[in-house]
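Read the structure below first, then the notes.
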Amino acid sequence: MTPSTPPFTPQPTLWSTEDMARRAAREIAAGSIVNLGIGLPTQVADYLPEGHAWLHSENGLLGIGPFPYEGDEDPNLINAGKQTITVVPGGATFDSASSFAMIRGGHVDLAILGAMQVSATGDLANWAVPGGKVMGIGGAMDLASGCRHVIAMMQHVTKKQEHKLVRACDYPLTAARVVSLVVTDLGVFAPTGDGFRVVELAPGVTRDYAQARTGAPLS
Amino acid sequence: MTTGRHANKVVASVAEALAPIKDGMTILVGGFGLSGNPEALIRGVIERGVRDLTVVSNNAGNLGKGLALWLRAGIVRKVICSYIGNNEDLHTRRASGEITVEITPQGTLAERMRAAGAGIPAFFTPTGAGTVVENGKETREIDGRRYLLERALPGDVALVRARTADRFGNLRFWRTARNFNPVMATAARLTIVECDQLVDLGAIDPDDVHLSGIHVHRIVHVPEHENAFEYRTVRKRA
Amino acid sequence: MTPSTPPFTPQPTLWSTEDMARRAAREIAAGSIVNLGIGLPTQVADYLPEGHAWLHSENGLLGIGPFPYEGDEDPNLINAGKQTITVVPGGATFDSASSFAMIRGGHVDLAILGAMQVSATGDLANWAVPGGKVMGIGGAMDLASGCRHVIAMMQHVTKKQEHKLVRACDYPLTAARVVSLVVTDLGVFAPTGDGFRVVELAPGVTRDYAQARTGAPLS
Amino acid sequence: MTTGRHANKVVASVAEALAPIKDGMTILVGGFGLSGNPEALIRGVIERGVRDLTVVSNNAGNLGKGLALWLRAGIVRKVICSYIGNNEDLHTRRASGEITVEITPQGTLAERMRAAGAGIPAFFTPTGAGTVVENGKETREIDGRRYLLERALPGDVALVRARTADRFGNLRFWRTARNFNPVMATAARLTIVECDQLVDLGAIDPDDVHLSGIHVHRIVHVPEHENAFEYRTVRKRA
């Protein structure tokens, strides 16, 4: 051992996106209605037992099935991310006004949505970066404010190591006081109003490690 | 992992389906006149012995049938409807003061429940402008026309009649028996469906579902119905 | 001829309800969407050629056909008056919210409604008699205020010979300024704001005869 | 006797169907991404040579297809949509100022058109409360929750894609190609439908109609469609 060698510090094993999707899937009650947002949340479906929950797609379908077998793709059967999908037995199609009536009316039990920032009060920012290209709102605001529960999924910090779990969002809000749980690569956190409660940490992630990467007190 | 409210909806009996109904609740009951009535659920509520109900229904029964059974059983405190007509059971109890009757234009009744189901707390409507329906309501002129502000009308429970249900509660209705049933199903915290036919998942094509099972919480299969006539009008065969 | 015999005055031939229905039917354009109110207006259908117009029933049907043949009656296929009916080819069923969205949204071209009073400004009163038993509103207010045109049908005076075409309604209103034409047993009259224009008179009905029975100036 | 607007709706060509479209109109165009697009009507509007259009569409095209053709043709003055995403044709013209883009939450976009079709001039909604969507809008607290007042969004013309139409314009849609098509059909003064299949009256059971022909004014039969994919996601066969 040379003097220049630093003392051994075990490195935490951060959750992969697969780990995050698997963990988020555990929050889904059997026989519930769930909307999985575009991107990472869509992967949560891979970790749900067949027939476990009913997946809602805001473009007009309840009962999303797996991707079609090659050759069976139908460009007029897609999810909100415009990916080709299938319908499970018991699925139903409807128009956009009815679909968002379901969302706004509180009939969707849970939305799992990608996020840019989540505040200690549960505010969600996931649709626009200040000064960035405007991509639009899509169904994000309706889902965030309308679904009975909202889980946010995101990397714990930005690529520039900026906090994303914060006291107050400085990105434009999607909806205020809606997020009940945040799943990140560091673990699972619940907004408490003045900080975040640590629900679970990824293997080897210490509370100090997580606190250093969180913009509000952990409890 | 907990179990959500959309698991195992099919129950074995009307009594089991109605177990959550309590005194003083607001109950939305599908049907237009005696068509599309959830007949067994209506009878079951009387057997359950609850009272002081607020009932939302277009007609609240007729000819001593349908919801007239509730009126006669004395379990109704208030009726919100659009039309009394020759429903003598309701006329009598309104006159005696036993039941309060709130009369609403039929389209406003439907739209208030549609709003409740769609997360809209209030909306402006032209129906009733310049009439007694305005009384006590906010009015506003928009683009030169007069409108009333109407509030959403949610229910604690909806009792719905469907022709066909699958085990998730996807529903199909028959002809004009559809009427208020689907919109009421969207507007209640708990929707209980009485279906003529119960089928397996997948038996109804996704494009053929009239109302998604997202709006349904309990299903009871009732194969036999009276389906009473009010006016049996016919023509002679040539 | 004896002195006591009065001079011969020809008695007018007032229109029967059938005449009124036949006359009202002439106001219906081919290929239009029409809602016929309960009672007398329902009879207008008898004078329409097959396939001439699409009849809307506010309980959830567009495309009312004739009454069913004996034995074919279905208690779950009825019109707004709760009479058993049939559906024409091309008819469609829908729920009450959609049905009244059609009415309120101006998609029904014409409503022909029974009336108690019609004012010179086109106000319609047809749902309640002051001091009388309250029968309810039903679809009357939605139809009167929502349909693109409204024709009223009624006897010209009450059984007590009171005026029903009046300067201003003293019965509770159904909707204000909506009636464009009134068909009575005396003829056809159009509200002008300060009176009624005589469009047509039943055989033998003179202008003086009609004016004596009308509570606003005829022109 | 005059002829009403529901007689003889089937026209022989896209050009004939689009004849009433004029410069400066507000056009509602069905589709979600590239699914359920009225492809022939979209191309036809360019051939017709109108301009200064306001377009209401969830995405206003993508990948150079669908309504991106209108953007490239320079005939659009304003877009009301919910999502731009990777629609570079829209990003470019928004950045240059050629096109004004009004972004609305998707559910609010749908509900504003539903309101227009249903005779509701304005409604309160929770979507967007506490966000930039509130800017310039009336807000109100109702039963302890904050809401915005949103206005109806009517169109001069709606361009709609249906799977099946009968000669009165009763429509059926296919899977998620339904999306905004039915609600847009209700919200325009003139609704023009492009259908894959045209059938006789009575070929669709009354209970199987998705949208009544009361909302349809012109029908053109277009058997062939591109039906472009955006993301062709598949799984391998076992």
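Note that the chains are named A, B, C and D in the order they appear, and that numbering of residues resets to 1 at the start of each chain.
Note that in this section a contact is a pair of C-beta atoms (placed from the backbone, for glycine too) under 8 Å apart; a residue touches a chain by one contact, two chains touch by 3 or more.
Because the structure is a prediction, the values reported are computed rather than measured.
Asker: By label order, what chains touch chain A and chain C together?
Answerer: B, D
Asker: Sort the other chains by how far their Cα centres are from that of chain B and give me the top one.
Answerer: It is A whose centre lies farthest from that of chain B.
Asker: Would you say B-C or C-D is joined by more C-beta pairs in contact?
Answerer: B-C
Asker: Suppose each chain is reduced to the average of its Cα coordinates; what separation in Å results between chain C and chain D?
Answerer: Chain C and chain D have C-alpha centres separated by 37 Å.
Asker: Using mean CA coordinates as chain centres, what's the gap between chain A and chain D in Å?
Answerer: 30
Asker: Counting in whole Å, what is the centre-to-centre distance of chain B and chain D, each centre being its mean C-alpha position?
Answerer: Taking the average C-alpha coordinate of chain B and of chain D, the gap between them is 32 Å.
Asker: What positions in chain D touch 2 or more of the other chains?
Answerer: Correct list: 111, 114, 118-120, 125-126, 173-175, 178, 206-207, 210.
Asker: Which residues belonging to chain C are in contact with no fewer than two other chains?
Answerer: As it turns out, chain C has residues touching two or more other chains at 61, 87, 93-94, 100-101, 103-104, 146.
Asker: Sort out which chains touch which and give me every pair.
Answerer: Every pair of chains in contact is listed here: A-B, A-D, B-C, B-D, C-D.
Asker: Once bound in the complex, which stretches of chain A touch chain D?
Answerer: Per the stated touch rule, the residues are 57-61, 66-70, 72-79, 81-85, 87, 93-97, 99-101, 103-104, 123, 133-142, 145-146, 172-176.
Asker: For the complex, which residues does chain D have touching chain A?
Answerer: 32-36, 58, 62, 81-85, 91, 94, 101, 103-108, 110-111, 113-114, 125-133, 173-183, 210, 227-237
Asker: For the complex, which residues does chain C have touching chain D?
Answerer: 26, 28-33, 53-54, 56, 61-63, 87-94, 98, 100-109, 146
Asker: Can you name the residues of chain D that touch chain C in the complex?
Answerer: Touching chain C: residues 1-8, 114, 116-120, 166-168, 170, 186, 200-202, 204, 206-207, 209, 212-215 of chain D.
Asker: Chain B touches which residues of chain D in the complex?
Answerer: 111, 115, 118-126, 142-143, 145, 147, 172-175, 178, 206-208, 210
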